[in-house]
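Look at the two complexes coming up: subunit A is in both, with subunit B in one and subunit C in the other.
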Partner chain A sequence: MDKVCFGKVEAIFIIMNAMSIQLFLGFTRRMAGSGGTAGWMIPIYTSIIALILFFFISKLYKSFEGKDIIDVAEIAGGSFGRILVGLIFIVDYIFILSIMLRIFGEDIKIFALSQSPLSFVIIFFIIVMVVASYTGVESIVRLNTLIMPVVIIGFLIVVIGNIKFYDATNLLPIFGDGAYKVFIKEIPRISIYSAFSFIFFLVPFIGKYKDFKSIGYWSLIFSSIVLTFGTIAYFLVVPYPTSTENFIPYLHMARYVNYGRFFQRIESIFVLMWTMSAFVYLSAGKFFLLYMIKKTFKLKYYRPLILPIAIIIFTLCFMPQSLMAAVTLEGEVVRRFAWIVTFIVPLVVLIVAKLVNRKREGEKSNEKV
Partner chain B sequence: MADFKKILKDLFVFKEPEKIEKFILKENKNGCDRCQKSGNVEGKKTESTEKETEKKEDRTDENNQKKEDSGSRKKGVKTTFAPIIQAGDNSKKKEDNSKVKQDKITKDVNKMSKVSNKLADNVAYLKNKYTLPDNGDVAIREFSITARDKTISACVIFIDGMVDRTVMDLAVLQPLMLLSNIEIKDNEQDIGLFVKNSLIPHNQIKILHELGKVVDEVNFGSCAVFVDGVDTAFTADVKGWQNRGVTNPNSEMVIRGPQEGFNEILRTNTALIRKILLDEDLIAENLSVGRRSKTPCALLYIKDIANDSLVDEVKRRLNGINIDYLFDSGELEQLLEDNSYQAVPQIIATERPDRVASMLTEGKVAVIVQGSPFVLVMPTTHIDLFHSPEDSYVRFPYANLLRIIRITAIVMALLLPGLYVAITNFHHEMIPTDLLFAIEASREKVPFPSLVEILIMELAFEFIREAGIRIPGPLGPTLGIIGGLILGQAAVAANIVSPILIIIVAVTGIGSFAIPNFSLGYAYRILRFVYIFLGATAGFFGITCGLFLQGIWLTSTKSFGVPFMAPMGPVTNGELADQIFRAPIWKQDKRPDFLNVKNNEKQPKISRQWQEDEKKK
Partner chain C sequence: MKKYKFFAVILIVCLQCNMLTGCFDRKELDDMAYPIALGFDKGQTNELRMTLQLAVPVNIAGGESGGDVDKSVIVVTVDTPTIYSGLNMLNSFVSKQIHLAHIKAIIFSEELAKEGISKYLHAMIRNKGFRPNAHVIVSRGSAEEFIGAVKPKLETNPAKYYEQLLSGYKYTGFTTDSQLISFYHESESAAIQPVAVLADVSRYKSTEEFDLKQSTYMEKGRKQPLEGDFKAGDLPKTGELKIEVMGLAIFNGGQMIGELDGQETTYHLMVEGKFNSTFLTMPDPIKSDEFIILDVRRSRMTKKKVEMVNGKPKLHAKVSLESDILSIQSGINYESMDNIGKLESAVEQFIKKGINRYLNKSINECGTDTIGFGKALKGKFLTWKEWEEFDWLSKYKESTFDVEVDVKIRRPGLITKTVPEVKCNKK
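And then the complex of A and B:
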């Protein structure tokens, strides 16, 4: 696994895909619920906060070039640190992946396979995740590089196709539910960039520190542009408070596209592209989960874990009672608190590791004297 | 049953992976190692390798022979070979010791590896080796050479049907038998050298000491001359078997471009490529594959372009093939490819010399197999399989149009039936209302679900296609067309299938014929059925799942160290001047970056100097 490496473009795309996939789920609905007509501002200012946090993280990461966060945790706290940090990320990823899997499965069931049982739909996702884990991160990342332009084109078709429904008055009042609610109360919405934690496990595959920095910055910037632009487009089409009622907003926007007799009801093609993006996200998430487990417990191979972990995720995804329970968990738990695992934990680990390193260097220089 | 259990066991029980370091196409460091090492000899290496090694062997053997024969040298015969026995002398000695010698010969013949200086031993060895007289087409002609008033026994062995008798008679037998007594103004006293230099006026003579090599040469259409008293054999290349001439390629026809195709003869094929690439740096290394068949192969590359590690890897794989017989390049392709379970081919097989020449100039390596008109070129990427030889010969707007049509046809061939099943079963909202009524009306009387309908028609189409190949003469393609039309019409009239399905199947079939690569066509014919089942099971979602799995499968594949989906997955630094779309030919400055070639520049940035000169005016 250590010999695999890939370039900047591929790394940026994989992180961007992971952060932007929520646009095709209930992201815009949540933004409407959080900030009203000013919900489109939330991705912008949260991305600025994320960029500032990453600035500090990247500065601290300079001394740990080529090491992932588990390695840094080992430097910081030895085996205890490694296992603690590893377990935090493992639990976080299992929780998020199982919820997202449930949501993806339910969404497919809503608009494509309404007669099929949920387990039948989810089993397709599981098969894809298992096969992709066997082939490795290299193939997932390369395939994502091929898929991303197609997904972006599909997204643009939906956004541009709805241009005749745009109404700028839908964005009024400008500050929506109030500046305090939008800018202060919704700060935890920085969790919309929780998938940014991929970068801490991509480091060994990227290698250079310079690339690590540029990947981090560009992926955050591009994702915030996509999320903001997508949210604005939705708000321009669907006025508040109707914008809080559509369950899968972009599916509805795809339905609105209507040019002549033949270019209409394109949501089925939209499903094709959206599902590809979902497959990449879940496959990459599962791979990094396996990678984390391997590094945390110092296992020699990760492949024996592929099927057991798939079964665990499959089982956990049925734990929420219904789709609404899963969506509530995603919106109120994941998208409010995941920022702690994504930004705070690495920050703390890096600070401690830096201090430990400094102490060791101090002791070494004392010994030499 | 045992295999199935093994497959299940491998799937669920973890097996420690083998510690194999997979081949990685290394980046080139400065300089051309192969050029530095070989210098000027490289171009002649393939023809004179054996001669040089034999010369070295000759010298060592000569030294040994000198020591052995010093006691029995006759006056005036400065030879390191055995002393020449005068005419008539042998017969008495043979009569006296015939029985003893016969026993000795039969005992020693099996252990012989070097050519003996006794003709009788050599003849006995050959008769034993070729199981004569059972083997009816192997002929041994014994005769006498009269040279410098000495009569020396000799023989020639050849395989009837493999040699050109006229050439053999004129260039080998006639000079040795009739012209050997002409006074030749040559003071050479060494009989062996005298025979080689003066008595066999043939353009390709090899001097061989090893009997195994002599047998190999004879098996490949040469004749071998043995002279009594000389411990070497002389082989002359007198190949003259019947073969097909250079004709049009059968599978890759173009309107614009050369109309020559490879045939079954190795040397003809190498010559066809050399005719196009008049480059002394084009290397054609000889190899043989197959323990028994010893099928001659040639490995071609341009030494100052191709990556050394790629050439070494191809050679390593060729030398590592341990089989009895090799009949065709198709078998060799299966033995060389990275992943035999991958649906798509990882090596290009082509009948066109111009296509091979073009790929060699990109830095790829070609393998020609004796007896096969298909030449293998590696490495390949998925995009290469979409290219047609005609793309470079027509103007770039036409080439790009053809590529768009081709890609659309390929997508249709793969996905159209699956999409049809998915739309009719799961996604009715996609179809415009009028079309939906038309489809429903046509399907009203059909008793089968759309999945069964499409399977019936697809299978029927496959049967017609397969049957059309086996039928000889002009009936074959005619039957295909008529069979398709009649079968389709009859099926519609019988309400087995709906009319729209005939259109779907026809477009699918025509799309599959538009695939330029023969093997890729087969791959997509198989995958089409998978997508039909996925579409029937889960609609567009199932098809997406299939596309993702296929994409994962392709991106994880490599062809001789090159990622199969390069240059898009992974993204490489080089220009995309001739990948999906083709830029004008004067803009294709660089070779594909993913091949890590030695010399990346194909042409300077300004390749149309005449335009620059015009601007200056």
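And then the complex of A and C:
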């Protein structure tokens, strides 16, 4: 599967989708809860921190063109390094995917399929994930490129459709819960960009270092624009503290759209675009998880793992007792600590690998001398 | 390989069959009953009396013969502890399952609204069935009686009837757009408080019963009432249309604390910035026993500002309007360039006086900021904690105000001046 190659736009879109999909879940509510009326600033400054971190990561990655993070870990720490880093990412992805799968399933149950058993709803996501894993990364990425414009149009319909409810005073007082709370205590919210870790496994498919750099920067910039813009739109419509109440904020916004007797009830469009986006996100996540397992344990094929891993994710997603428990896990664990795996682990791995490389080069030159 | 493909195709076909039938959540449109209005009163045998006005789709469509206006709705009432237990009870005798997604009006009786309706609002917002754009109405009498009296005569579709009835504020200025979601947001806001449309069943059975005891014209110092000097239910009117929608119910959070009549509602809309247009009747500035009627519209968004003077809020509002002349009963040539300014300043004074009276009532009687001056003040605070500690809704009661009204008369209608009538003076 390493021979597959796709363009920059496709790569940017798949990372963007993975990071921006939170907007259709509880992201904006969480921002309101974290910063009050100033919650919209959190995706801006955390994106700046993420860009700075990526600046260092990209600098370090220069010497590892075409290698994914597990390859780099092998350079840094041999088999032990490879397995350790691989396991960290595997656990991280299994945890996030199972929680997200549960939340997607529960959300659909809340507003569309309320009579259907949860397992019945989730099984459709699992089927898509399994089929997508069989077809491979290329089909997932290219399908995502087709879906993204539709999702963006649907998103804009919701945002523009709510213009008559916009009230700029909803963003006041400007510092919301206070500058310290917003800008210092909420720094771990950089985890909202945790899905950025896709890039470390996309490397073999995008080839050149230059592309890696621009994909990283542009996906972060576009995602932060979408997340900030989406949060501001929600805040303009729903005043604080009511903005902390809505379980699926963008579903509420979609329900508010009402122009005359014809243009209303557009949440049906929202459900469609949201589900498409979730299908691609989960499929991509599952594929990269399989890819990690294959690389970590140096397996020849990944396809025999597709069904077992799907069953594991399916089983794990039922571990939280309730939707509230799953949402708490997402908000307080994933969106607070996932940055460590996304940014810090790669940074450490790259620094160690760089040092090891330098040491080896030094040894080689000594031998020549 | 061929064998696998065959099985894959079979599997996909089976899955498609499963998915396309809708499975567990399958609902047939004609298996559902659609309430159009939902009313709440205090119950006699239980906490709540819940009244549903259900649409009868066969009588709305009516086939080739057309819809039957009188039979387009049926009304059912139950005493129940809560909204959803009431729905359960109703579902036990209404043959079809009740589906809430077409409710256009949610009516609370004044008695219940004065006790507080927050718990009912929360229950509605939590449920995906209730549409956020349903209108919140307060009935001065019982909600059951009000819903029973709703007999759409000009419209066979009851849902459309409510939509049109409640959007009338755009050209009357006598009610407002009190959508459930706005009402809910404002009931939880520390910067603005909610209002709901005031409605009632007409008090009069025949024209002989007409009286002006309930009109608010006397307290405004007028000799006779103008069109907005009434609240719903008090209008001197009879006819087949029994219900009236005029004025606003003022809330403090989720609790009703006062009422506005039609004219006060117009001034409320003007200051709030939601005013669209109305026919304004005012005494002629020269011949005070004659009327001038204008078609008044908003020309610019109302500018609102709040200053803190000696620890007390001072409210500033600048209302900008434009109007066309509809009638000058005195025949005085106000259309001329010499007189138009006099008329404009008389209109400004008339509206300003009304707004001052309304603001006095809002601050001193009701004491709740239903206009949203608090929104203009929020920007002066840096953090939410400071804003909460400031406690605007308590400070509002100590406010003074200063209103500026700017009216420009743009058009004289289809005639440019009033030529006095000519009549024979010989007896």
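Observations on the structure shown:
What we mean here is this: the second predicted complex is superposed on the first by the 369 of 369 C-alpha atoms of A that agree within 3 Å, B and C clash if a C-alpha of one lies under 4 Å from a C-alpha of the other, contacts with A are read in each partner's own complex, and residues count from 1 in each chain.
Just so it is clear, contacts are C-beta pairs under 8 Å (C-beta built on N, C-alpha and C of every residue); 3 or more make two chains touch, one makes a residue touch a chain.
What you are looking at is a predicted structure, and each value in this text was computed from that prediction instead of being measured.
With both structures placed on the common chain, the touch criterion links A:127 to subunit B and to subunit C. In the superposition on chain A, contact of A:366 is made with neither subunit B nor subunit C. By the touch criterion defined above, A:321 lies against neither subunit B nor subunit C after alignment on the C-alpha atoms of chain A. In the superposition on chain A, A:172 makes contact with subunit C only, while subunit B stays out of contact range. Judged by the touch definition given at the top, the superposed model places A:112 against both subunit B and subunit C.
In the superposition on chain A, subunit A positions 112-113, 116, 124, 127, 261, 264 are in contact with subunit B in one complex as well as with subunit C in the other. Those residues of subunit C that touch subunit A in the shared complex are 15, 19, 23-25, 125, 128, 131-133, 160, 163, 181-182, 184-185, 188-189, 191, 375-376, 378-379, 381-387. Residues 12, 14, 16-17, 423, 426-427, 429-430, 432, 434, 538-545, 547-549, 551-553, 555-556, 563, 565, 568-571 of subunit B are the ones touching subunit A in the complex. Interface of subunit A with subunit B (complex): residues 6-7, 9-10, 108, 112-113, 116, 121, 124, 127-128, 131-132, 135-136, 138-140, 142-143, 145-147, 261-262, 264-269, 271-272, 275-276, 279-280, 283, 301, 303-304, 307. Here subunit A touches subunit C in the complex through residues 36-37, 110-117, 120, 124, 127, 165, 167, 169, 172-179, 238-242, 245, 252, 255-256, 258, 261, 264, going by the rule given at the top.
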